[in-house]
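There are two complexes below, and they share subunit A, which is joined by subunit B in the first and by subunit C in the second.
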Partner chain A sequence: MNDFVLQTFQLTKYYHKTPALDHLNLCVPKGCVYGLLGRNGSGKTTAIKLILGLLAPTAGRAEVFGHPSDNLPPSLRSRIGYITEGHHLERWMTIRELEHFQKAFYPDQWDRRFFAEMLDYFELSPKRKIKTLSNGQRAQVNLALTLAANPELLIMDDPMLGLDAAVRRQFLEGMVHLIQKEGRTILFSSHILSDVERVADRIAVIDKGVLRADCTLEEFRMQIRKYLFEFPQPNIPVDTLPGLIYSKRNQQMLEATVVKTPEEAIYEWARRHQAAVEPVPMSIEDQFIEFTGPKQARKLFSWEMPV
Partner chain B sequence: MKYLALLRKEIRECLPWVLLAAGILFIFGFQIVIQPTTFPYYPDDEAKEEIDPFYLFRWSSLSGAGSILLFLSLCLGAAFSIRQFWFPSFTRTWTFLLHRNITRTAVFFVKITAAVLGFALSLLSLWTLLFLYSVFAVDYSPPPMPHVWLEGLFLISQGLVVYFASSLSSVLTAKWYTTRLFPVIFVFMSLYFCFYPKTPALNFLCTGLSMLILALPLWQEFRNRQF
Partner chain C sequence: MALWVQISPGSKEPLYVQIASQISRAIALGHLRPGDKLPPVRKLAEELVINPNTVARAYLELEQQGFVASKTGSGTFVLDPALQDNKDLAQLNLLGQRIDTLIVQGLNLGLTPEKLIEFFENRVRRFLSEQNKRSP
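Take a look at the complex of A and B:
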């Protein structure tokens, strides 16, 4: 028995001949807030659906609480909260009706007071019908419904998609509520880096179905760096720069992003080419975009982060 | 408790159709029943030895209500299946429903139960009322024989065949012109064969077989479907 709440082993999914997820190996430890990052269509939703057993893998397997996810028993599913992208709820129900419906499935776990507090916090009347709510309000109801069931593992598929900054902040605070409860694990996918930065302990970056990084947020930040080089002549031998993933040239100037290349190696390379070099500060968003940038921009990419 | 909550939800979702079908049958059915029958007489030379299950039907004031009952039953079957199996794909609420501490088989059977209850609450109860009314209250045409009520039940059961066919078509993920079309073709064939036999027992047997042929792949598909 290990401490991983969720594990995937070479998890692969093809839609016809198109790979959506390619040999994903993921381990989510207990009590961890795990951010699954990737661009649109990178395979995040597919990964989550495979983990929850809503899709069947083409190859490989996933385990949740040590149980194969293609056959999760109902008792185990009651320990997992799942928030879908788009927050699709039964539109004809009122919030109160939805609460009663949800409560019936979690009679022993349901925290009625917490649900009422969340509604108060979000300023939502239980009498309102779901169809009259905005996307952000539906997200709030969905979060309240899921958290009130006291899940040990919360899986969220791009829950902040389409929400404005204020609602996103409230949503994140709701997540923090859960994190504060001991031993709760959260796996969430997103492409809003500032949100991930706020709550995640660890991240996995998926790009075109392939896991390209699995590390702590700090490690990710440390390993992707940008430098500005100034060369004496316009002929810049950029191909030889170690760990290069992204570059922009302008006459004698070169802006280059490198992955996991020691600073000494960069300075040594610059010295060899008689270039002046200075580091450029990068936001996590820049790091992510350049790390998962379009193929043309990183055709020299020859290095993958160790998984 | 969770099964009841699920059943309540399913019934609530089908309720508008239940009420609509019951309302139509109530209005038109009673109008027909309170009118004198138009085919009270059959000459002796037309009398047949074999039993026509719908023969006695014509003698009672319920005769005209049968066609309305069949029409409503087929429409209700399609409406229930669309609401229960197609609509969640459209509104993307399958995952909200299925990621619960309940098996897919249970969800499936609750849906079927809700549909059967829907038929019972709308058409069967109204049909029974119409039957009882024409037996006890109508005095200008001969009261229907007891098995006429069963004939109504048979017509209602055709709606269930359509329900299973339409549900199967909704959950199948192949293109419409390949396997999705199978239930539609099958249901036309099955309706023909269900009405073909001259004895009620055989009528019901064909109906039961049709339901089974459609319900088994539906159950299998629903259990294994990727959402």
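Take a look at the complex of A and C:
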């Protein structure tokens, strides 16, 4: 037995001849909040659907609670909460009807009081029909329906897409509320990196179907670093800088981002090229963009620097 | 006791560093006094809407720096700076390195060494007078 709530083994999915997900190995430990990051079309949704058994893999496999994803029994499904982007709910039902419908899937653990409290907090009457709700209100109902089922594993595919700042914050509050309980696990994808920074313990970065980073958030913050160099001469041997992922230059100045390069190695390299060097702090968004972007920065909307 | 932590996610400083530096500043200014209890990890996490592990990480950082101590089961408390072993070499070295960075920046701004020392002295005095103003 291990303590992984969710595991994938060489999980692969092709659409025709295009790989959407390429040999993904992911382990989500119990009690962890895992942020799944990647640009649009990188394979996040495919990964989540494969994990939940909603898609069949081309190769490899996934397990949830130690059970194969392609054959999850209802008893295990009732321990999983799943929220997709868009928050599609039955339009013709009222909130109360939807609650009864949802409760049937989670008979032993439905928290009626919590659901009522959340509706109250959102100022939503249970008599409202889903089709009369705004996008944000539908998202709130979806969040209440999911959390009231008290899931051991919560999986959310870009749940905050298109929501205003207030509703986004309520989703984050819901996540923090859930993880305060013992042994709850969350896997979620998001494009809003400041939200990811708030709640994630670990992150996985998927790029073109391939897992490129899988580490704690703190490691990601600490191991992608930017430095500004100033050289005595304009011919800068950028490529010899260890761990380089991104660089920008202007005559004798070089701005370079490196991964997992010890600070001493940077200073040693600078000394060898008689360069002055200075660290430049980065936000998680800068780190993500430079980690997943093209190696040589070329902005789409840029103008020539006056020389 | 007065502690008001504010964070800005998505900025250049990691969240746990933001929290730890605000608390150590509150201790330095006397807003938090020896023996004061830090808010429980879960409570601060809920208040700031962040992962409780991030708050715990900030408290661990403060503990390693010798500003606070955690007692199992009862919480994390501010230590008396006067009673601390300030001769901890590693910490003094670290402080020295930070001061060095400031010296380089000051010289690059064109300040003379004398001006720099004067400037540094003034800042220390200003900080201490702020501390006195706020203390009851």
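Everything that follows uses one rule, which is that the second predicted complex is superposed on the first by the 293 of 307 C-alpha atoms of A that agree within 3 Å, B and C clash if a C-alpha of one lies under 4 Å from a C-alpha of the other, contacts with A are read in each partner's own complex, and residues count from 1 in each chain.
The rule we apply is simple: a contact is a pair of C-beta atoms (placed from the backbone, for glycine too) under 8 Å apart; a residue touches a chain by one contact, two chains touch by 3 or more.
What you see is a predicted model, and the numbers here were worked out from it, not measured in a lab.
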item	value
Contacts of A:107 with subunit B and subunit C, given as first, second, both or neither	first
Partner chain in contact with A:65 - subunit B first, subunit C second, else both or neither	neither
Which of subunit B and subunit C A:282 touches, first, second, both or neither	second
First, second, both or neither for A:91, with subunit B first and subunit C second	first
Which of subunit B and subunit C A:9 touches, first, second, both or neither	neither
Contacts of A:121 with subunit B and subunit C, given as first, second, both or neither	neither
Subunit C-contacting residues of subunit A that also contact subunit B	none
Subunit A partner contacts - residues on subunit B that touch it in the complex	1-2, 4-6, 9, 12-13, 91-93, 95-96, 98-103, 224, 226-227
Subunit A - residues contacting subunit C, complex	33, 169, 172-173, 176-177, 179-180, 193-195, 197-201, 218, 221-222, 281-285
In the complex with subunit A, residue positions of subunit C that touch it	9-16, 42, 45-46, 49-54, 57
Residue ranges of subunit A in contact with subunit B within the complex	49, 52, 54-56, 74-75, 77-78, 80, 82, 84, 86, 88-92, 100-101, 104-107
